[in-house]
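Provided herewith is a single structure, encoded as structure tokens, for subsequent inquiry.
Order of writing sets the labels: A, B and C. Residues in every chain begin at 1.
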Amino acid sequence: MDKNDNNWEPVIGLEIHAQIISNSKLFSGASTNFGSEPNTQVSLVDAAMPGMLPVINKVCVEQAIKTGLSLNAQINKRSVFDRKNYFYPDLPQGYQISQYTQPIVGKGSIEIDLKNGNSKKIGITRLHLEQDAGKSIHDLDPNKTYIDLNRSGVALMEIVSEPDIRSAEEAQEYVKKLRSILRYIQTCDGNMEEGSLRCDVNISVKKKNEDFGTRCEIKNVNSIKSIGQAIEHEFHRQVEIIESGDKVQQETRLFDEKKGETRPMRTKEEAHDYRYFPDPDLPPLEISTNLIGEIKKNLPELPDVKKKKLIDGYGLSSYESSILISDKNNVDFFEAVINENNQRKPKVVVNWIIGDLFSLLKKNNLDIKKSPVKPSDLGELIDLIENSTISGKLAKTVFDEMFYNRKKPKKIIKQKGLIQITDSGEIENVITKVLSQNVDKVNEYKSGKEKLYGYFIGQIMQETKGKANPKLVNEILKKKLAK
Amino acid sequence: MNDLKDINIEKSLELLKTKKISSKELVEFYLTEAESKKNLNAYISLNLDNAINLAKESDKRISSNKMRALEGIPIAVKDLFCTQNFLTTAASGMLQNFIPTYESTVTQKLWDAGAILIGKTNLDEFAMGSSNETSFFGSVINPLSINNKKYVPGGSSGGSAAAVAANIALAATGTDTGGSIRQPASYCGIVGLKPTYGRCSRWGIIAFASSLDQAGPMTKTVKDAAILLDIMAGYDNKDSTSANLDDINFSKSFDKIKKLKVGIPKQYKSDKLSPEIVKLWEDGIDYFKKKNCTVIDIDLPHTDYALATYYIISSAEASSNLARYDGVRYGKRQSSNDITTLYEQTRSQGFGNEVKRRIMIGTYVLSAGYYDAYYLKAQKVRSKIIDDFNQAFEKVDVIFTPTAPSDAFEQGTKIDDPIQMYLNDVFTVPASLAGLPAISVPIGLSQNGLPLGFQIIGKRFDENSVLAAGKIIEDCANFGEKK
Amino acid sequence: MEIDKTLVKKIASLSKINVKEEEVKKFSNELSKIITWIDKLNEVKTDNVTPVTNPSDIKIPIRDDKVNDGKIKEKILKNAPETKGGYFIVPKVVE
């Protein structure tokens, strides 16, 4: 956004729908697994058969409380479920069970970090529990829509921000931060591509010190990038309208990813009268102080706090820490390696994790939780490098072997005879041999062709099958070449 | 040959146990009688395929001394309870072909106790009505009709009441939302009990108004009602409004209750009440006094507002509960190329006029701008009505009132005037709003020669006192002779 | 309180019920009468009264997070008017 936008600024509020991590759905015992055959994860309740009734899932309630606490928010000990009534083919009941006037979580806030180094507090208005709808598939037939209710009834947390956001960057940072918190405390996997985290943007424009303008809601914003694009486009669109003397119409618009712009929804939005009323099938939800206390006690350190500890306590860079805290399992892995042997250098450990380990995990589509290399295995390998049993370079081959064949490092090194050569005498002999076989090149080197140094190293390593200790090789080679 | 005509459950169990009759005889008798009295239109469907086989199995169990609580007893079930693999219609064109793949909790309990399904009884469509004139399958005739005229059996459980009164069912299940068990019981001269809200599970019962619906027995005697209640009642973890209480053996304990304090609410008296009802009321009061009960005047100040409160709340809940009938997953669909037209045509053709009226009233009272004035207001008045009862029950154990303001009326005389029709429920809705147990017991005949029942309302979960008081009326009134 | 024809049509549309032109007047009359009759609730003083949704004071029962349902595709689809490949089918919905 231009600073010279005539003093116009956007006023942005975000509504995030986050699918809760749980085994079964909010009000039914069907599975929440992603990607199953259509209508196989549907109970009679999810299909809204006649006479069916909802029963609430304990874990979903706890996940909402956990999230509320992590957003510094007030947990409402009494909350009520309301019905939001409207017709849509993937909404089997003809209403969504949600929370309207008395949500489970009240006001909170999160801090975001901006490029200019500043931090900003973004308020959270509320968080409530609600059912997800099923899926409508429009492109399997030109004249028909196909309905799959697998997703119908999955628990969602709707998180509403205060309209505190004033730029596309702030909006993106807010979503990134929120996503990292949810992933860290494991209440939502934050996967925007798969739809487990969805974002609606509410945006209006005003000049500084003026009142809020008319806002538009933008739907179908499916990635961090789209959030930025949608806001930029909509901001300029609204400013243009006002500057040309017109009024901004309150409407719901769709973000078109291909064109990078927003357009009004094709169906004329009937003024939605959702006729909210308390669901008579569900008594109010009462949460005890004990339960809140228990959950608070077991809450992991939040990503921000953890990140600071990683930087201050272990000397990691901000970049390295950010990568670790993107998933609590990364941090757990890292800390397991460090805590097992506190001689291990944090920098070395983190580089192995975010370098070699992540690379192989990604290639094989694995989560760090399912890593075939366990923290203690990696730790062992690092120790072996540290005490020069093996060179750093060869360690990489060992690591591959550890990953694919699940063998312990010591075993692999023994089996493959990879133990580093650290005997100076032995190394000197090899160097002498190599140099004597390459007298011409030695002379060329001595007359200034310094590049040949690498050639000698290569030859020495070939002779020793990579096992020579690089430090010693350098020391001795340099000495010999200096003569 | 046993005279099975006026037999009841208690007597049947005795005869079955002593092998004086077989279940097969009983079942065959009722199936034959039902077929012979088809003109009453009390049944929508009969269990011709299966009932006799089930009876034979029961007879086997009886001979090997494996008799369960209701072994071999044929029961008629209101066609609002989902019965597995057996047509369940709610007396609506919408569900004329609906075959549930599941069994309601209450009826499953009956089958688990050895009872046998004789058939599904007729009712007002979706339980909305008090004359059984709104059924897709045609109106039900009151078997006690006089002078060759067709009188209504009351509603919505008109079919169940007519079947029991005509001796084409040994007993039946009904549901009561605003009087739908009690009022038809009164018009047909049988016993009808609405248990405390939460006493019986609502799972698998097609929902009309969730905070009011209750399943209950419709029987020939008070003892029979207690016997059925023992089986029908009980906690269900699939219904979040189900009461989790210790089991009570009603049939063994209710007659131990003595010396009840009986309240007569002055707001139920009015100069509009017919002299015959006033007389019968006085008779009832004498019966209580004769049996060592104390009779006290009490106040239920908000009685006049109960009916309007009921219609707002029940219509609002119904409008939402019936939104699932959209022709997408079940029900009689009216095809179309456009989803909105599909919804509108399916629902307009699938629902009768009374159902449409109530859905529209419900939609109206919940809609933006009207919610506070109607729905919220009604919920507050409901609170006051509950308070009225709480206060009255500090002075008395039970409350004694007429069940309906008149005897049965002729078919077609009120159907065009909704408000006149609604007034049939004036005495029954207060107990529904307060979730209290209430029974109707026949006390005498009107001038026209049609039955009149009187109502006893009790404290929450005190069905025992209600049954005990009902027994007093039954014993003293000797209605059987009067018929 | 009068429920005029426009309001009848609006309510019908929200309820997804098609009211034919010739029926609109009838519904308008009936609904107006009923709403006028319900208006009498205004006579009751209800300041500071807590509204009641459900007459019982049952606490909401909470279920363990176990997968014990679903995987009943045939039952779910059994009564459907139109299905294909395991999906429910409706006419194309324009978004």
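Rule of thumb we're sticking to: contacts are C-beta pairs under 8 Å (C-beta built on N, C-alpha and C of every residue); 3 or more make two chains touch, one makes a residue touch a chain.
Quick caveat, the model's predicted, so the values are computed rather than measured.
Novice: Can you tell me which chain is nearest the middle of the complex, judged by mean CA position?
Specialist: C
Novice: Could you work out which chain's C-alpha centre is the most distant one from the centre of chain B?
Specialist: A
Novice: Which integer distance in Å separates the CA centroid of chain A from that of chain B?
Specialist: Their C-alpha centroids are separated by 56 Å.
Novice: Counting in whole Å, what is the centre-to-centre distance of chain B and chain C, each centre being its mean C-alpha position?
Specialist: Those two chain centres are 23 Å apart.
Novice: So, what's the distance in Å between the C-alpha centres of chain C and chain A?
Specialist: That gives a centre separation of 40 Å.
Novice: Show the residues in chain B shared as contacts by 2 or more other chains, in ascending order.
Specialist: 98, 101-102, 211, 237, 240-241, 319, 323, 326, 328-330, 337, 339, 343, 363, 367
Novice: Hey, what residues on chain A touch two or more of the other chains?
Specialist: In chain A, the residues touching two or more other chains are 44, 47, 55-56, 87, 89, 143, 145, 147, 273, 275, 280, 282-283.
Novice: Could you list the positions in chain C whose residues touch two or more of the other chains?
Specialist: 14, 16, 53-54, 56, 58, 60-61, 63, 72, 75-76, 88, 90-93
Novice: Where on chain C does chain B make contact in their complex?
Specialist: 3, 7-8, 11-12, 14-19, 27, 30-31, 33-35, 37-38, 40-44, 46, 49-56, 58, 60-61, 63, 72, 75-76, 78-82, 88, 90-93
Novice: Using the touch rule from the top, collect the residues of chain A that touch chain C in their complex.
Specialist: 22-24, 28-31, 37-47, 55-61, 80, 87-89, 136-138, 140-149, 265-267, 270, 273, 275, 278-280, 282-286
Novice: Over in the complex, which chain A residues touch chain B? Could you list them?
Specialist: Against chain B, chain A makes touches at 44, 47-56, 83, 85, 87, 89, 92-95, 143, 145, 147, 273, 275-277, 280-283.
Novice: Could you list, by residue number, the parts of chain C that touch chain A in their complex?
Specialist: Checking each residue of chain C against chain A gives 13-14, 16, 53-54, 56, 58-73, 75-77, 84-95.
Novice: Mind pulling up the chain B residues that touch chain A in the complex?
Specialist: Checking each residue of chain B against chain A gives 82, 88, 90, 95, 98, 100-102, 104, 202-207, 209-211, 237-241, 316-317, 319-320, 322-324, 326, 328-330, 337, 339, 343, 363, 366-368, 371, 375.
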